[in-house]
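These notes open a run of structures that come right after.
In what comes next, chain A is part of two complexes: it sits with chain B in the first one and with chain C in the second one.
Up next is the complex of A and B:
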C-alpha cells in the first residue's frame, strides 16, 4: 500500500508540473494581458510598458515560468494584480467557502439520494419508484441557475426563511447547498436504485435473508455496502468538481468561492490567481482521486488485494 | 401498519417544522430607520464585480468610485445642475492665464484619523498619482500638470507643477493653458488622501484601510462583496443622518429579489430590469452624462472612404434602436458631445434611409454593398446594440460581422488597431467637451484607442479648444462636433444613456451628482 501511495504521489508531482506548464502557455497565448485590462483608459504606451515591467510581464516567458515554479515550492503564488492580496490568502478564503459548500452538498446528496434510491429499489415498479425516478429525472434536467432562482424566490423572497444571498450567517449556505445538492441527489438516487436492484438479486442477499438477519441490516449492511462503489465514484467526482468552483451557484448566491475567484481572474487575466487556483484544483483532483481509490479498498477487499499485489 | 406509517409521517413533519422554526430565526440584510434606538442603516446594491479596492487612483469604474466617494473627497464637487462647487476648497480655483491655478483650502477640515487637511496632503495626492510605484491607471486625468510625465517616466522625483504655498494654499502649474482644469480637481480620481495614513498603509491602502474627509468612515471591506461605512460625526459638510451605509455587489436577479424582500433599501438596476418596475413609484430614472457611439477605423478599408461611413450613418435607425431595443430608456444621439455639456449641438434626428445608403454605396463603387466587421464584449449592452445595427445595416447592403469576445481580448484587439468598427460608450470624467473629443479624436490621446482618427486639422482645433478661455469655447466645440459628425462622419452617435435605480419610499436625500448616487445627506425615515 505504501508503495502504491508513493507512486501516486510521484504521479501527482508530474501532473502538477504538467498543469502549471499548460496553464502558463494558455494564459500567455490568450489575447490580452493584465496590463492591457488595467490600463484600459491610458493611451500612453510608455505607461503601459512600465506597468508591464512592474508586474514582471516584460521578462522572457521561460524566466516568468521559472520564477513561478521557484515560488511554487514555497506555495507563494504572488499577489493578485486586481485584488491586491496574496493569492494564497485568496485561495484559502475561497476554499473556506467552496469547501464548506462541497461538504454540505455531498452530505445532502448522500442522505437524500441514498434514501430515495433505496426506497425506489425496494418499491420497484410501484408508485414510490415512479415518483422518485420522475423527480430525479427532473432534478437532473433542471439547470442549476433556474433551481437557484426558484429556491431564492420561494424561501428567500416569499417565505423569507433563508437569506437570499451572502454569507452573513451559516444559513447562507442552505440554499446554495440545496440547489447543488438536489441535482447531485437526483443522480445518486438513480445510481443507488440501479446498484441496489443489482445487489438485491445476488445469492448472498438471499443467504442473509435465510439466516434470519433483519431486513434493515440486510439492506444497509449487505446491500448498500456492495452497491456503494458507483455512488462513491460519482460523489467523488462531484466533490472534485464543486471544489474546483461552483461558479453559477457562487455567482447567484453571492458567495466568494473558488469558482468566482477563478472566473474573475480569467476575465481580467490576473495571472497569479489563474496559476494559483489551477494548481489548487489540480491538487484537489489528484488527492481526491487518491482518496477515492484508497476508500474503494476499504469497502471492497478485491480491490485492496489487487493493489497489495501491485 | 397504517398506524406505523402515520407515525413516520408525523415524525417527518415534526422534523421539517422544527427546521422551519429554526431557520425563521435568521435575519436578512434589511436596513433600519433607527427606530427604538437602533442605528439608521441604508443598504444599497449594484452589480459591482470590480469593487476590489477603494483606491480611486487605481480604478475609474463606478464599482470602485461609488464606495470610495463615501469616504474620500476631491477638492470640488458639482451641484445638481453640474456646476462646479467647492468641497474641500474655500472657493473656485483662481487663474489669470488658465495655466496656473491657485486653490485655497478650507481650514479645519479633519481626516477620519484626526489629522487636519493641509496643502501637503494635496501635493502628496497628486504626486502619488504620478509615482510609478502606485501603478495608477488614471494618470491621464491630470497629466497636463507640469512635470507629471517626467515623474511618471522616472525622470524626476517630485511633481513640480503642484506646490504648497502655505498650509492652506496650493498652486497648480500646467504645461500649457487648459481652461477646464478646475473640473479635473472635481474628479473622483483626484480624491485627496492624508499623506501620513496613506504612506503608513502602503499596499493595504484601499483594501484594509482607507481614510478621507468624507461623510462616512471606513469600517469593513470584503472585495467584490460588500463595503460597510459608518457615520463621520465630524463631517465638515453638514449633518450626516445615517449611522451605517452598506454597498453590496450582487448578481442582478439576486439584487432585485433582495430589494423586493426588503433586505436592501436601494438598488441600481439595468435598463432591461427596469421594465419590470415601470409602474412602481420606487423606480427612478437618471439621464447620465455619457454617449454610446460607433467610431470607424479609417486606417482600414472600406471605412477610409467617407462615403461608406456616410452610408453607415444613413442606414442606422436610432429611433428604432432606442424605442424598440432599449424600450425608450435612452435618448437618440445626434451630437458627439452629450446634452448639458458645452458645445453640444441639438441636431434634428434624421430618419434612417437604407435605400439612400445603398444608392450612395453603389454610386461610389460599391454596387454589391460592403463587408465590415466589429468586435464587442460579450454580455455588454454594446454587444446587443451591435446585433441590432447588424440587422439595420443589412438593409443598406452593409454586411457587418459581429464577433463576441471577452474584455481582455477586446482590449487587446482595440489597442492593436484591429477593430474596424468600434462600438463604445463613454461616461464623462468631467463635464467638458475636451473629455469627449480630445480623448478620442486627438492623435496624442488615441494611439491605443482604435480608431486612431488623428487628422492634423482636428488635432489643431482640439488643442486650440484646450487653450481658449471658457467664453470662446462653445462655438469652437460646436464647429469640431460638426466636422466629426456631419462633414467627416468620424463618429455615429447612437444614444445618450440613462440609469435606473430603485429606492424605498422611506429613503430621503439621495441625489445623483457627477455620475454617482450621493449618499452624503441620505436618510431613512418612518412613513
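Up next is the complex of A and C:
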C-alpha cells in the first residue's frame, strides 16, 4: 500500500507540470491581456508597457513559466493583479467556503440518496419505488439554478426562514447545500437502487438470511457494503467537481468560493489566480482520486490485497 | 429428545411459482418425516423440486413468485409455515442450518470468514465478540482447516472451493442446530474434495448429533450418508424408503433408471446407462429397455390417471397408478426372477 501511494504521488508531479504548462499556454494564446483590461479603453502604449513591466509580463514566455514554477515549489502563486492579495490567501479563503459547501452537499446526498435508494430497492416495483424513482428523475432533470431560485423563493422570501444569499452565518450554507445536495442525492438514489438490487440477488445474501441474523444487519452490513463501490465512485467525482468550484450555485447564492474566484479571474486575465486555481484543482483531483482508491481498499479486501502485491 | 418423536414432519406440502404460463406445481403434495439424528437423502434431477422443498423448510423461497399452496412443516412440533419473519430468524441458523451448492459465491466477499462465523453466534447464542471468535476458531478446527488461528482472519477469496465449503459447514454447525440441510453441497467441487466434504459432514453429524437432509442428484452421495431416501420426480415423491430398500429393491421405474446410471467400476461397463431426456422435453418419446424410464409415457399417464404413494413393504413407499395393482405384482415377480440369476 505504501509503495502504491508513493507511485501515485510521483504521478501527481507529472500531472502538475502538464497541467500548469497547458494553462500557461492557453492563457497566453487567448486574446486580451491584463494590462488592456486595467487600462480599459485607453490605448496609451507607454502605460500598457509600464504595467507589463511591473507585472513581469514583458519577459519571454518561457522565463515567465519558469519563474512561476520556481515560486510554485515554495507554494507561492504570486499576487493577484487586481485584488492585490497573495493568490494563496485568496485560494484559502475560497476553499473555506467551497470546502464547507462540498462536505455538506456530499453528506446530504449520501444520507438522503442512500436511504431513498435502499428503500426503492427493497420495495421494487411498488409504490415507494415508483415515487422515489420519479423524484430522482425530476432531480436529475432540474437545472441547479432553477432549483436554487425555487428554494430561495420558498424558504428565503415567503417563509423568511433562511437568508436569500451571502454568508453572514452558517445558515447561509443551508440553501446552497440543499440545492446541490438534492441533485446529487437524486443520482445517488438511482445508483444505490441498481446496485442494491444486484446485491440482493447474490448467493451470499441468501446465506446471510439462512444464518438468522437481523434484517437490518443483512441489508446494511452484507448488502450495502457490497453495493457501495459504484456509489462511492460517483460521490468522489461529485466531490472533486464541487471542490473545483460550484460556479452556478456560488453565483446564485452570492458565495465567494473557488468557482467565482476562477471565473472572475478569467474575465480579468488575472493570470496568477488562474494558474493558482488550476494547480489547486489539479491537486484536488489527484488527492480525491487517491482518497477514493484508498476507500475502495478499505471496503474491498480483494482490492486492498491486490495492491499490496503490486 | 425421545427416539419416537419426529424432529421434522413435512405434510402434504405443495408449492407453485406464479408468472409461468402453466401453474405447474414445483412441489406437489410432498410428505416425509425425519427422526432426530437421522439422515434423509432427497434425490432427483434438476427441476424435481428437491431444492424448493429444502428452501421452503427454511422459508428462503422468494414469495412471490413462489407460493405455498398447502401443507404443514412441523419442526419440533411447531408449524414453521405459521411463524412470522421475526420468529423464523430465531429458527434459521440456530435450530436449522443450511449449506448451499455454490461455495464460491455463498460467502460474503467483504467480510472475513471469522466475522461470518461469529455473526450467528453473537445473534443466537448472545456471545461476546471474544467468545464468538474463540468459538469460530474452534469451529474451523472442527472442519479441519489448518492454522485456524490465522485462517479466521482470511477473506473468502483467499480460500479454495473445498475450504470455503468447510467454512460454510463451520457456519452452519456453529450454533449446534438440530437439523442441517445440505443443498447439493458437493456438486460444485472436484471429486476428491467431494469425498472429503462428505466424510466431514458424516463425521460432524455424529459429533454434533444433528439430523441431516442431504439434497443431491447423485445416488452415490445418498448411499454414503443417508439412512432414508426420498426420490422426487417433477415435484412428486415417487419412492421413499430406507437406503437398503431403495438400492436393493427399487420399485419405481424412475428410481431404477437413476440407479442404472451410477457408474460401476467393478462391472467394467463400456457405457453408463442414461437417464433419458431433460425434464422439459416431454413430447419426445424415447426407446424402451430394461432400465430406461420413458418420460413421455409416464407423463401422459400421470396427467390422465390418478396415482398414489403406496406402502409396498414396511417403510418402503412407491408411487403407482390406481389401476396398476396387478402389473405391479408382475413386476415384482420379474424382479425376483432377475435376482435369481
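Points worth noting:
To be clear about the criterion, the second predicted complex is superposed on the first by the 309 of 310 C-alpha atoms of A that agree within 3 Å, B and C clash if a C-alpha of one lies under 4 Å from a C-alpha of the other, contacts with A are read in each partner's own complex, and residues count from 1 in each chain.
In the analysis below, contacts are C-beta pairs under 8 Å (C-beta built on N, C-alpha and C of every residue); 3 or more make two chains touch, one makes a residue touch a chain.
Values in this document were obtained by computation on a predicted structure and should not be read as measured data.
Contact with chain B, but none with chain C, is seen for A:149 once the two complexes are overlaid on the shared chain.
The partner that reaches more residues of chain A, of the two candidates chain B and chain C, is B.
Judged by the touch definition given at the top, the superposed model places A:256 against chain B, while chain C stays out of reach.
Applying the stated contact rule after C-alpha superposition, one finds that A:202 touches chain C and leaves chain B untouched. Of the two partner chains placed by superposition, only chain B is touched by A:174; chain C is not. Shared interface residues of chain A, touching chain B in one complex and chain C in the other, do not exist. Across the interface of their complex, chain C is touched by residues 202-204, 206-215, 217, 221-222, 225-226, 299-302, 305 of chain A. By the touch criterion given at the top, residues 30-33, 36-48, 50-51, 54, 79, 82-85, 149, 152-153, 156-157, 160-166, 168-169, 171, 174, 251-254, 256, 260, 264, 266-269 of chain A touch chain B in their complex.
Residues 20, 23-24, 26-29, 49-50, 52-53, 60, 132-133, 135, 137-140, 143, 152-153, 203, 206-207, 222-226, 248-251, 253-254, 257-258, 260-261, 263, 405-413, 415, 445-449 of chain B touch chain A in their complex. Those residues of chain C lying in contact with chain A across their complex are 58, 60, 85, 88-94, 97-98, 100, 102, 105-112, 119-120, 123-124, 155, 157-158, 168, 171.
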